[in-house]
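Same chain, two partners: chain A is paired with chain B first, then with chain C.
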Partner chain A sequence: MTTALERPRGASALPGAATRIRTGAVQGSPAVLSIVAMIAIVILAAVIQPGVLSMNGITLMLTAAVPLVLATQAQMIIMAVGDIDLGVGALLGLVTVIAATVLTTSPALGLAMLAGIVVVYALLGFIIQRRGVPSIIITLGMSFVWLGLGLELLPTPGGQTPEWLSAIGQWRPELIPAPLVLIAVATVVAWLIARRSRFGTRLRALGSQPATLEKLGWSLVRTRMAAYAVAAVLLILAGLVMASQTRSGDVNSAGNFALMTIAAVILGGGNFAGGRAFPVGAAFGAITLGLITVLLSLVSLPSSFQSAAQGLIVLAVLAGRVITERFIRS
Partner chain B sequence: MTSTETTAIVDGTRGGTALLTVDAVSKRYGKTQALSTVSVELGEGEILGLVGHNGAGKSTLVRLLAGREASDTGAIRVAGLPEGAAFTAAAAERAGIRMVYQELALCPDLTVAENAALSDRRPTGALWRRRAERRIQDTLDEVFPGHGISVLDRSGEMPMAQRQMVEIARALCTDRLRLLILDEPTESLGVDAAEALYRYLHRRTADGVSAVLVSHRMHEVVGHSDRILVMKDGSIVGQYPGGTTAESTLLAAMGGEVSTDTGTLERVEAELDDQEQPAAAREGAAVLALTDSRGRELTARPGEIIGLAGLAGQGQEGVLARLWAPGLLSRSVTVPSSRAYVPGDRQVSGIFPLWTVAENLTIAATRALGRFGFVSGARKRELASTWVDMLRVRGGAAAPITSLSGGNQQKVLIARAFAADAELVLLDDPFRGVDVATKNEIYTLMKAEARSGRTIVWYSTDNKEMAHCDRVYVFRAGRIVSEMPGSDATEQRIIADSFDETEGELR
Partner chain C sequence: MKFTSIRRAAVIAAAAAALSLAACSSGTAPAGNGTDAAPADGEGISIALSNGFVNGWRLTLINKFEEAAEALKAEGKVSEVTSVNAPGENSATEQASQIRSLMLQDPDVLMVIPASSTALVPTVEEACNAGITVIVLDADMDAPCATIVRNAYDVWGEDSLVPALEAIDGSGNIILNRGVIGSQPEEEFYNRQKEILADYPDVNVVAEVNGYCDSSTVQKEVVGVLGSLPEVDAVPGCIGGMGVVQAFESAGRDAPVVVFDTDGKSLQFWKDSGIDNGSYAALTDPGQVVAAIHIALAKIAGEEVPQEVVLPVIQIGEDDLDYWLDTLETDEFASYPWDEESVTAALDAINAGDVAVAPELK
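Showing the complex of A and B:
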């Protein structure tokens, strides 16, 4: 019996490094726009206020982007299987509340609660796959549950995060800005999960064409549950990082994250249909959105206009993505 | 025919041991009896051909063989599997049974290598990606030398022919292959790739691998099977030796009309006579013109049927796409403003799976049916039932589209395009997985519609079908290489023209 591993005579070699880079660039091209947008914003900010390029400036500018990047990676995984998580913001708020209350007073109970979130997310995946409930409905409903739990634990912003967590927030390495390190780690981890692992392949197959995955003998339920569990872990990490920065808990601290993360994923090359995952693009998308806020405060736009301006910039960048995509395809 | 008789005729296993035994299996879907007490024995190293019309039960039988579905009664036994164990997809996989699906089962967003890794359960460790690339590339090289596929490409961005090659190679990526089930494996393949596949298949069967070959291409089944089973209405109605049986014998056993289906022609013509019939205007001015990259022009006049021929994937689909959506700024394409398109990829861009036959059929015609944006339900039902009766779509207008067999779904899609009253109708390989009787009905319909003044542009992977056209353009590497009247368009002439130019490499 011949096997597929026996090299037939005249077998062609696998694609070389150059082909790999070219293919990667073409396939990842939807993500390019987010990088361009980010660079443009950094340059604008640097022209207005040269101080932003200093070590301190970068740290200040990017601090707020770290939890957004982590949450965006989680959203990217959910969107890769073809779903959308609208409960991201409320969940992050709840995690900061847990971190600022229970995790300090009784760490074991706090960790158990965080583990419980992962279990609940796996359960959401189960229900969505088994019962065919749209993820938008179920995660929107859950966002109110998270909000309610958070208010129950800590009705007004406050509390105190544990020492070790605050220490992470205070970490300032000498050579590289700390947020850059955290963002890079988060992106690499998400990249390994979504693009390099076999699990990541199944994940994208589920979003791309579930019938095929099932035909080949994989459990759709287990795949979706695993995707949700992984996303929950990333979301909890995002919440903990956020709590470590503010050293307190506030259930409303990430109120606009659900839509921000979705916009970041789309900006970074993802799509609503599922099947695609661009961790690097998503990270740049999240940084871009984070920096828009910084830029708008640098040009001293009245704060009442900031939301509208932010929304218009996001729309402009997304429109740019549609145009570049058409350009690449033709 | 009773099950005992069926068993009696089904044994020719080259005297070797039986790899797989199907014992009096029945399967029912709702009201339809898909299989009734079918018994088959499959020997080691045997290629078993399976022919029959759409809905004869072939697809159901192979799904059972692959363990994708359980039979209602009866049993499937595989040598080496424990007696009495449930025959599931996992058990079939363990027994070394692999299937190439007719509706291509590749995830469009994944690369070739990732798609292959999904179905290849061999442990591979941390470097799985590199090994998966190696395996699929080697398999592709072995089966389809010179395939021109990059394992890094996303499968959704490749032409049909290459996707089909990947689908086949993916099923072969295993160490324990014992039975390969091929469901219409060559529908999208060009002639040379199909031959390469069969050469490979014979090499493997010489080593003891068995194969089940399901195809509407009779000459391929006859030429490459050791034994041919003919199915009709869920039963096996005949067994013939491969190689020597005449195609007409098989067609007669299948119960299909070999000659042109005059019944449909009469129905279609009677239908058309009721309408106002504009005079056929084949001598009129061209309504369609398209210039290829070297300036050769493709034109069509009202009432003409234009065929796009050549080897599979030489740019014919691209021409259809340009005719369908020329874009705002293209000066090289002139098309009528009302166009209809039958996509080649039925499952992905053809049917609306949640809708009924009537809704699927009339969606393109809603503009004509509607008034101020509201569609008249009565007129919609009337239009749908006219076409359903004319093309004899099994199941009727109210049936859910997914309950229809592949051939009947295709009829609905073609009816949709013609029901839209478009001047230009584009058909992308409309005969994928369609049996002979349906093919004849569709030819007839095309001819009748053309006679009423419509222009039809049509691409088919089967160059023999091109004789039905008024004019044929042969394509190679995205360019027109020759033009001929349909009466001259024999398969030999098209193939000769496809290879005529020596420049560039051929896939």
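Showing the complex of A and C:
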């Protein structure tokens, strides 16, 4: 409603900077909740343990969040076109395994395998668009394929990542925490893709108004294939970062990522229906989920209760998201 | 237009909060950055324990850790104790982020029972670099900066086989009960057993079962093969004696020589069933965590501590059965009563190139 009221003023040409910021803020407001939740968690953590806000503290807190942020950006792109990827965790595991085995012994073959993943993802997009197979089913099926391939390459966790990759994991710049840099880069890249490029507009249109997109002469198949390919690239990057942190491979290392990334996207203002993409919100959502674990260990909650507490906090934040949404819409 | 103003307010508030957060983080950056890592004189040290996953044996270990740490706290040698189990099923990535959270609390000593001997190496190194004394328990790990405290898996393999072979006088049919296949401890365990079996030409391995060091799994596996086998005199290997005896009973056969678990329940079963054919119990020692605390204290006190401390395995013969039954709860696993004195003796022995000796049972 509001967008309809505000748009006509700048309708003559591209919207001006002020309009851009205003509509951006209005449309992005669901993401505000994830920022608030994140700030609340950081403040709580800092009260309990002031060391959290030091360079070293921030590095420690955010290290685990980096792969999650990257994977969340991929999930966000998939969700923007109205799909859901349940194979994220297994694929990340497979990428760490490839990184710790083939990529070290024969780099060319390793890169070829990673490229193969992108091709497979594009094919998934093709099948989903052409044959109308629900993405949940096809990606769930693929998750077992990824798992099986990973186990075939490396049955027990181990292996050794190539040196350049390990070096990324050990990179500790002087002035700014390394995870912050990686998270910022990932978010900006996703923002450029999803919000600033024409391709991003097509993505969101495919999620919300596919009929219109088709009438305008764009191929729905090609758009969905491209969306899946871009998501695959982001997932591969997430897997490589994860491998760089452990310097080894484990196909089960990201087991809960599928649900974590979906929760992060929703937390950051996305929805299941598609048509929305908030890279910044998604990043904050992922960081928030990552920080919950840190906070729970800091309050030294009995570890047997931690999983339940983590789930309850996620539920509470997601419920808050639904409520703010309704509040803003009304 | 009320809602637009609310939205604007929300956006402004968020921006302000983000700004203040940024200011806050840059403002306090120099403070609390590991400056109090070294323990002050006269004050106790703080210890944090991170455990990869939980089973009965690990639970005994954690209870022993908490008991010992509380006792040392009363003495003033330890100031603060944290123990956490990583969520998820033995996931190294979860444990890595848990260890990083523990590092935020800046403990003097970090004990890690790793979910993976490879994937946690970077995290352990990071902890070492932060000036924390790191002890890795119950696993072999290629991290030179940490002290490894563990049992020798080849010795465990030997202890789980040789007494059984002696009990059948070095001749007869045996079923070899293998452990968690694919794990590095099992490899050492099994290789040592193959070496030993080469020296016993009259011992005939009629079957190998994958019991995964779990009594009910062993039972299923043994039931599966037993029908096709001739008389079996012993089933040595990775514990599971209770399951083996039950499998033989259900097949109407006499109980062979077996290796029982060292927990109260299995030992009680052993006692109640009255098996006296030379069966025994052998398992790694969850008390190694208590030894590890003393080793950490010694290391911080500047004493010479070897990079790898290999401690003896628990072995319970029929003579010790009553002692252990009195000591153990049903779900508790037998552990050596390590204390400062016995640990010092063990460290001296290892430094002198000898094998560490277990403390006397009281």
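FYI, the second predicted complex is superposed on the first by the 310 of 330 C-alpha atoms of A that agree within 3 Å, B and C clash if a C-alpha of one lies under 4 Å from a C-alpha of the other, contacts with A are read in each partner's own complex, and residues count from 1 in each chain.
Going forward, a residue touches a chain if its C-beta (ideal position, glycine included) is under 8 Å from a C-beta of that chain, and two chains touch if they have at least 3 such contacts.
Nothing here was measured: the structure is a model prediction, and the numbers come from that model.
Peer 1: Identify the partner contact of A:198: answer first if only chain B is touched, second if only chain C is, both if each is, neither if none is.
Peer 2: first
Peer 1: Taking the superposition as given, does A:125 touch the first partner, chain B, the second, chain C, both, or neither?
Peer 2: After superposing on A, A:125 lies clear of both chain B and chain C.
Peer 1: Based on the superposed arrangement, let me know which partner A:209 touches: chain B (first), chain C (second), both, or neither?
Peer 2: The answer is first: A:209 touches chain B but not chain C.
Peer 1: Per the contact definition in the header, classify A:268: touching chain B only (first), chain C only (second), both, or neither.
Peer 2: neither
Peer 1: Of the two partners chain B and chain C, indicate the one touching more residues belonging to chain A.
Peer 2: Counting contacted residues of chain A, the larger count belongs to C.
Peer 1: In the superposed arrangement, which partner chain does A:281 touch: chain B (first), chain C (second), both, or neither?
Peer 2: Neither chain B nor chain C is touched by A:281.
Peer 1: Pick one for A:63: touches chain B only (first), chain C only (second), both, or neither.
Peer 2: In the superposed model, A:63 contacts chain C only, not chain B.
Peer 1: Indicate the residue numbers of chain A shared between its chain B interface and its chain C interface, in ascending order.
Peer 2: 2
Peer 1: Where on chain A does chain C make contact in their complex?
Peer 2: These residues of chain A touch chain C: 2, 25-26, 29, 32, 35-36, 39, 42-43, 45-46, 49-58, 60-61, 63-64, 155-159, 166, 169-170, 242, 245-248, 250, 252-256, 290, 293-294, 297-298, 300, 303-304, 306-307, 310, 327-328, 330.
Peer 1: For chain B, which residues count as touching chain A in their complex?
Peer 2: Spelled out, the residues of chain B in touch with chain A are 68, 89-90, 93, 101, 105-110, 114-115, 117-119, 128-130, 133-135, 137-139, 141-142, 145, 150-154, 156, 172-175, 177, 203-204, 207-209.
Peer 1: Considering only the defined contacts, which chain C positions touch chain A in the complex?
Peer 2: 3-4, 6-8, 10-11, 14, 17-18, 21, 24-25, 28-34, 82-89, 91-94, 96-98, 100-106, 116, 118-123, 130, 182-183
Peer 1: Which residues of chain A touch chain B in the complex?
Peer 2: Residues of chain A touching chain B: 1-8, 10-12, 14-15, 19-20, 23-24, 27, 196, 198, 201-202, 204-205, 207-209, 211-213, 215-218, 274-276.
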